[in-house]
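Here come two complexes built around chain A, the first alongside chain B, the second alongside chain C.
On to the complex of A and B.
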């Protein structure tokens, strides 16, 4: 019989382009301390840990071993996961499994990236299949822009609608003390005037590179209510993969098969029938503005082709029916190995009513996703109600 | 903060060398590409034609069963024009910008590959636009998708 599990505490660094004042273990330690401090816990209170990042970004193998002392893992079970964009949500799901299985009571998920230490654009080539894909890669931005064209062709979304997502993200970020790009006065016109990176994606349509870390503590039922006054109970934690090569999924962003499959299973597990009605907030992994619009559709927030009209109607704004990414999202903060864990942490904070100036009122149920370049997706549902 | 107590940054450069075994499917494919300018995809029993060719069809979870020739004519499944500099993984130097880039679907295949496109005006590119491969000279070919220099749009008169 599996255990009931909740996220009970979260901690994040204040994400920026370069944290030159700390090394990787010190940066990670900061997030772990902030997480445990919220519940007056010590490292000794954690039974097991799962850590993750994108190792090629820093060029350090065995990060799990290098972080043992900083995260209090000596003598304890510790696992490392390294699976690209979703690493943060995958370590959250792994921590959930470890608690749900009954093997461990309190498991800490720790994700980080210190992108200032390496060359993201060079390291990203290592995600391509060496036999088939590397010879003709164009990096994360070129890849992303090419699939955006398919979505634009199918949905008819406009650059102005995409720019509204950029404005929403950076304005929301201005109320989040941990966010990296805070632009409270950003306008659609400024987004449309920013440099073209790869047609039709402009600089302000795309996520930044950040240094940052995040930690989330998961606990079983008997501990959760003692540790948190308002635990964020996990109702669904699923992952789904698509085929292996980047050109396999014919519609790419326009029809994200792994996200649609994760949604099908996750909504069924959590009893979600109408996501706009049933969720009070969503923290989704949107690497770019156009992706967020496409995700509205693939997550069933609106009809196919309706992503642009969904933001025109203001539904995902802070005062809309379903605020999406009150934290500012990936468009505002992107320490890759922490990014998807930040989605889980922010969803948990909303459920726990601990999101401060970017709190959505009366959150009962929250959605979090992780995005693995279309090829795989993680999805979690968190709630104030025990399953 | 003075220079004396500023945190240090330590610069390192690591060069690693790899030799990847291409495997039987890629060896068959790239030999035919290099020596005969033929494109060989792999079909599963349910008729999905997969390029790159592979041992198992991910849509059916069935072993693929036959080689099928596709292309060389193709069409764009998606496109962009890239303006941001990117280090070419094959050469280690920056690829000159702007350049066209896209999802290319060979006639007869059910999947796309990414490749370079010989057009830098996005207004001249569209989904479904016919394109054809521009091959390197036989003596320049190494058995790689880079043996196709890029894809050239075929505009109807």
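On to the complex of A and C.
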């Protein structure tokens, strides 16, 4: 019989562009300690660990094995997943399955990246097929610019509408003590005046490169209510991937079929009929402003082509009907191996009523997504109510 | 554990030192096609995939990009375990047992010929204190072998017996082990598993699907997975992670003792002798005799030419083939390992069903 599972504790570092005061093991341990300390737990209380990191970014092979002391994994089951941008949500989903299956009772998902010690864009270039794609790849930005151009053409969204996403994210981040880019007074005009990276994506349209780590403890029903006064119960944990060649995924961002498929399955599992009505908050993996607008559409928050109008109406703002990324999102914080786990952690914090200054009032149900690889999607639904 | 997970399809490439005729995707596709045919399925029947590959060996970040599509992962769940293939099988079994998934492909692949093994292995050593010494896994294993003190004759017996049962490599001629070049004292070239290219695929499903497919099936009865200390921080003459993983797998399976068939996958001969002792087979002489008799490493383990990353899943496939032939309630133990000198150990209890 399947176990009911909840996220019961979360911990994050204070994300910045360079953490020169710590090495990778210390950075990771900081998040683990912060997670366990919230429930007065010790490493001995963890039964198994799932680690997520893009090991080519920092150039450390089998990095999870190097970190066993830092994360207290010696003598325990240790899992390592590595799926690009989705890695953080993939380890959350793996932890969910390891608990739901009855293999383990308390599983700690740990994601991290110390991008200042590596060359992320060089590593991302190796994502492409070595024969057909790699020679024309140049990191993430150009790829996004190409996808964005298609989306802009299809939807008619404007740079001003995209800039509103940037303003929302950095303003929300100012209330999140862990966020990297805090810009409480950022304006649409400043976003539009920022450097052009690759048309039509400007510097402030894009996510930063962060050093940071995140840990989330998942527990089975028999432990969850003891460990947390208000567990974030997992109602759906689904994945949908797309094909390996960029050209094989028609429209990509404009019609992100992996997100649409994950939405279909995840919403069905969790009983979501009208996402704007049924969710109280969403933490979505938006690597660029235009991506968030497209994701509003693919997640069914609004009609196709309506992403721009959705933010014009203020629906995803903190005081809107469905606040999106109260934490500041990926646009404000991006330690890649942790980024999608931060979405899960932030959604869990909202459900547990532990988000502090960026808490949305009366959250009962939250959405978290991960994005990565070739337009891949993870999607989780968390709730105050036991499934 | 919740519901059960059943192996109903097996596929494996003919592992070779170099497969220059295929790229990584085509290599894995060979194994996937065979597994699907064995299960009587087509790719669209697959509900998702758990893959195993390591980016450093592939020279490609998110190395599962190469196989996601041919593993049936398009618009379906695919997750990549960056460890030995045995761990991918365990994750798939966990997912199946929850009832969320009913039929998954498990795929592991590695083309060792396309990587600089020394560079890949060196990148796993401590960044601050060890890398500048330019080590690789053979150097670490040599320190372990020196501490264990098993003589060359014993290690030669293990290697020669393993190779004699290899499905992919010719048996070694007399005196080959002694004549092979010293790599890091006391190890010789033939002490370690050969560098190989290969892929494995396995179809795993729930009991209802297994019944509907009507194919010979093998149940994943128990899974054990444990990490030990970082290689230099532990006692290299002991195998605590293997002991823990073995105990957990046996307990989950409800087995009082290891079964008769033991397909271990350590990449060095002296590690076979070490782990054989942990299995209760006796001292090193007894373990070597168990290898010669075919009880231990019945198809030769990693020493018989199982590629790194692929070895544990290949061991499970070898066990499953034999269990399907034997039928009844026959049992076998399959094993994989990840990390320097076996830091992580993965043990699977498999049973004809």
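As a convention for this text, the second predicted complex is superposed on the first by the 385 of 387 C-alpha atoms of A that agree within 3 Å, B and C clash if a C-alpha of one lies under 4 Å from a C-alpha of the other, contacts with A are read in each partner's own complex, and residues count from 1 in each chain.
Please note the rule applied: contacts are C-beta pairs under 8 Å (C-beta built on N, C-alpha and C of every residue); 3 or more make two chains touch, one makes a residue touch a chain.
Treat the numbers as computed from the prediction; the structure is a model and nothing was measured.
**Q** Which partner chains sit in contact with A:179 here, chain B, chain C, both or neither? Use first/second/both/neither.
**A** Neither partner.
**Q** Touching A:130 in the superposition: chain B (first), chain C (second), both, neither?
**A** In the superposed model, A:130 contacts both chain B and chain C.
**Q** When the two structures are overlaid on chain A, which partner does A:75 contact: first (chain B), second (chain C), both, or neither?
**A** A:75: touches chain C, not chain B.
**Q** Once the structures are superposed on A, label A:21 by its partner contacts, choosing first (chain B), second (chain C), both or neither.
**A** first
**Q** Between chain B (first) and chain C (second), which, if any, makes contact with A:108: first, second, both or neither?
**A** A:108 sits against neither chain B nor chain C.
**Q** Should A:215 be classified as contacting the first partner (chain B), the second (chain C), both, or neither?
**A** neither
**Q** Pick one for A:146: touches chain B only (first), chain C only (second), both, or neither.
**A** first
**Q** Would you sort A:2 into first (chain B), second (chain C), both or neither based on which partner it touches?
**A** After superposing on A, A:2 lies in contact with chain C but is clear of chain B.
**Q** Once chain A of both complexes is superposed, is A:199 in touch with chain B (first), chain C (second), both, or neither?
**A** first
**Q** Looking only at contacts as defined up top, I'd like to know whether chain B or chain C touches more of chain A.
**A** On the superposition, C touches more of the residues of chain A.
**Q** Would you tell me the residues on chain A in contact with chain B in one complex that are also in contact with chain C in the other?
**A** Looking at chain A, the two contact sets intersect at 59, 129-131, 242-244, 248.
**Q** Which residues of chain A touch chain B in their complex?
**A** 20-22, 59, 119, 121-122, 125, 128-139, 141-143, 145-150, 153, 195-201, 242-248, 250, 252
**Q** So in the complex, the part of chain C that touches chain A is made up of which residues?
**A** 1-2, 23, 25, 48, 54-56, 59-66, 68-69, 73-83, 87, 91, 93-95, 97-100, 120-121, 123-124, 126-128, 223, 225-230, 233-234, 240-241, 244, 248, 338-340, 343-344
**Q** Residue numbers of chain A touching chain C in their complex, please.
**A** That would be residues 1-3, 23-24, 48, 54-57, 59-62, 64-66, 68-69, 73-84, 90, 93-94, 97-98, 100-103, 123-124, 126-127, 129-131, 238-244, 248, 257-258, 261, 372-374 of chain A.
**Q** Can you list the residues on chain B that touch chain A in the complex?
**A** Its residues touching chain A are 7, 9, 12, 14, 18, 20, 22-23, 26, 50, 52, 54, 58-59, 77-87, 89-90, 95, 99, 101-104, 110-116, 122, 125-127, 144-146.
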